[in-house]
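Same chain, two partners: chain A is paired with chain B first, then with chain C.
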Partner chain A sequence: MRRSLFLLVPLALVVACGDQIPTSPNEATTTSLSVVFEGRLEVGGSAFYSFTVQESGSLTATLSSVSLVGRYEALNLPLRIGVGVPRGESCTITQTAEVYPSLTRQFSAVLEPGIRCIAVTDTGLLPGAAIFSIRFVHS
Partner chain B sequence: MTKTVLGALLVLACCSTSCGDGNGVTAPSTEASSPIAFTWTSLLSPGGSASRLFTASQSGSVSVTLQGAETPLGIGIGVPRAGGSGCRASVSAAATPAPEPQLTTLVESGDYCVIVFDAGEPRAEQIAFMLQVVHP
Partner chain C sequence: MIERMRWSSCVLAACAVLVAGCGNDTPTAPTETTETTVAEPTTQEAFAGTLPVGGVKFYSFTTAENGTINVTLTDVGGEYVPATVMISLALGQPSGTDCSQNQSVTTAAGTTAQITGTYAPDVYCVRVADIGNLFAPASFSVTVAYP
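The block that comes next holds the complex of A and B.
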């Protein structure tokens, strides 16, 4: 029931679940090349978001928030974020890091032009389905 | 806190542009040089949350002080939701009104938000609160 209600919310953002459903870049909030990737992460699951890199350059990312679905409190536990290349319905990770929620940059990578993806994965510590928010900037 | 002070808070809260409707967000205030301090007074609906945006002009520390409320409340610092309404907390704490900050975190330049939420016992009445935010 809770999940159904959640899915009805007209979020103008990426909502991807543990089955790594690829999503369209148009569903994220993009201002210049700054993107907010926000969605639901199931226990043991992962989610990713695909985007296009126009020219070689760096990507910086911040896991800015993790909270249990339906809760306001911040959850201070690590998730694994990474970047890679979309392959079918998954994201093949080429660089990854385990990070705690923060409001300062935690992750950086150099990306070549093309379609790339950023992914987030439960490290095994999520006590329940969570809502995450990742801010990233790319060229 | 005396009833007089709470009464004053309530009056101020009713004049505030943001109320605890669950995901209310107030636009950033006009800001000058860093650090910037603003006081936010509003009402929180039972079981709900209220949030307010602010912009950090540079990297630095953000501190939040719950200065007034008749009951402990949850407070958080985070990022605006992608949909533009509400706040996703990056750090949060249960706070009892006090003169010193109950929550502090580092930020880079950019848009952030502060959230106040009711994490206490079920209640029927709105809660008036007064919060001070200091940010770069």
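The block that comes next holds the complex of A and C.
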């Protein structure tokens, strides 16, 4: 009987030596990007900002403010916002919209993984160089 | 009694062997090798402009396959700008409102590539910048060759 017990110990160790198959982590991995893109826009000009999309998802953008350089008053003029891929000295736009400054999101697009860009362009209505602020989120 | 001691010794030895066999099952990398083709440059683009004093300019392009990228600063000139002036030349990826730098050199214009490297297909950029040597805006020409 005691011998049987002695034999059971190695057997238990063999069982304990089971497969150590790694399991995938169960934590949710979300890659979200939130950026405030601010800059100066010349009359007839454009500006762009490049970023990396890790996973396919939607981008939403808000043109939150536009004002003339050196002035505090907000300009209620539309600017063209677009998303695309950096190319040459600018951003090659694949989707665009003309938007007025607002505190609600005005633009959305679905982006595939890769290096992408968001651009802002004067629609021809700027009376002088302006300071803009765009907040965009990709998730 | 002796027999019991023998049994105990045997069991202990067996346990030791089994515990030793219970080592880390750390996965090892597969030994198979995958050959990655390095394509030669097939496309050439020119990036030219005027670099302001203390300024930065960059140019983005997309490579289609894994291969060699060659960047050549072919010309720098202009009034009050000696042809031998050294500026910063870099290869990187567009990031924010600039071009991040994976490789960079301080160089004068020349005929052979100042930057060369093997890169996976993606979006890249070449960047020129004044490092404090310019006293007047400089015209520049860069050629980039990629697969």
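The rule is short, and it goes like this: the second predicted complex is superposed on the first by the 107 of 139 C-alpha atoms of A that agree within 3 Å, B and C clash if a C-alpha of one lies under 4 Å from a C-alpha of the other, contacts with A are read in each partner's own complex, and residues count from 1 in each chain.
The rule is simple: a contact is a pair of C-beta atoms (placed from the backbone, for glycine too) under 8 Å apart; a residue touches a chain by one contact, two chains touch by 3 or more.
Note that the structure is predicted; figures quoted are calculated from it, not measured.
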{"item": "First, second, both or neither for A:Gly88, with chain B first and chain C second", "value": "second"}
{"item": "Touching partner for A:Ser50 - first (chain B), second (chain C), both, neither", "value": "second"}
{"item": "Touching partner for A:Val36 - first (chain B), second (chain C), both, neither", "value": "first"}
{"item": "Chain B versus chain C as contact partner of A:Glu73, first or second or both or neither", "value": "first"}
{"item": "Partner chain(s) touched by A:Ile115 [first = chain B, second = chain C, both, neither]", "value": "second"}
{"item": "Chain A positions touched by chain B in one structure and by chain C in the second", "value": "10, 13-14, 37"}
{"item": "Complex interface listing, chain A residues touching chain B", "value": "10-14, 28-29, 36-38, 64-65, 67, 72-74, 76, 101-105, 131, 133, 135"}
{"item": "Residue numbers on chain B that touch chain A, as the complex places them", "value": "49, 59, 62, 74, 76-79, 81-84, 88-92, 105-108, 110, 112, 115, 117, 119"}
{"item": "Partner chain A, residues of chain C touching it in the complex", "value": "4, 7-8, 10-11, 14-15, 18-19, 21-22, 25, 27, 47, 49, 57-62, 93-97, 122-123, 125"}
{"item": "Residues on chain A engaged by chain C in the complex (per definition of touch)", "value": "2-3, 6-7, 9-10, 13-14, 16-17, 19-20, 22, 37, 39, 47-52, 85-89, 114-115, 117"}
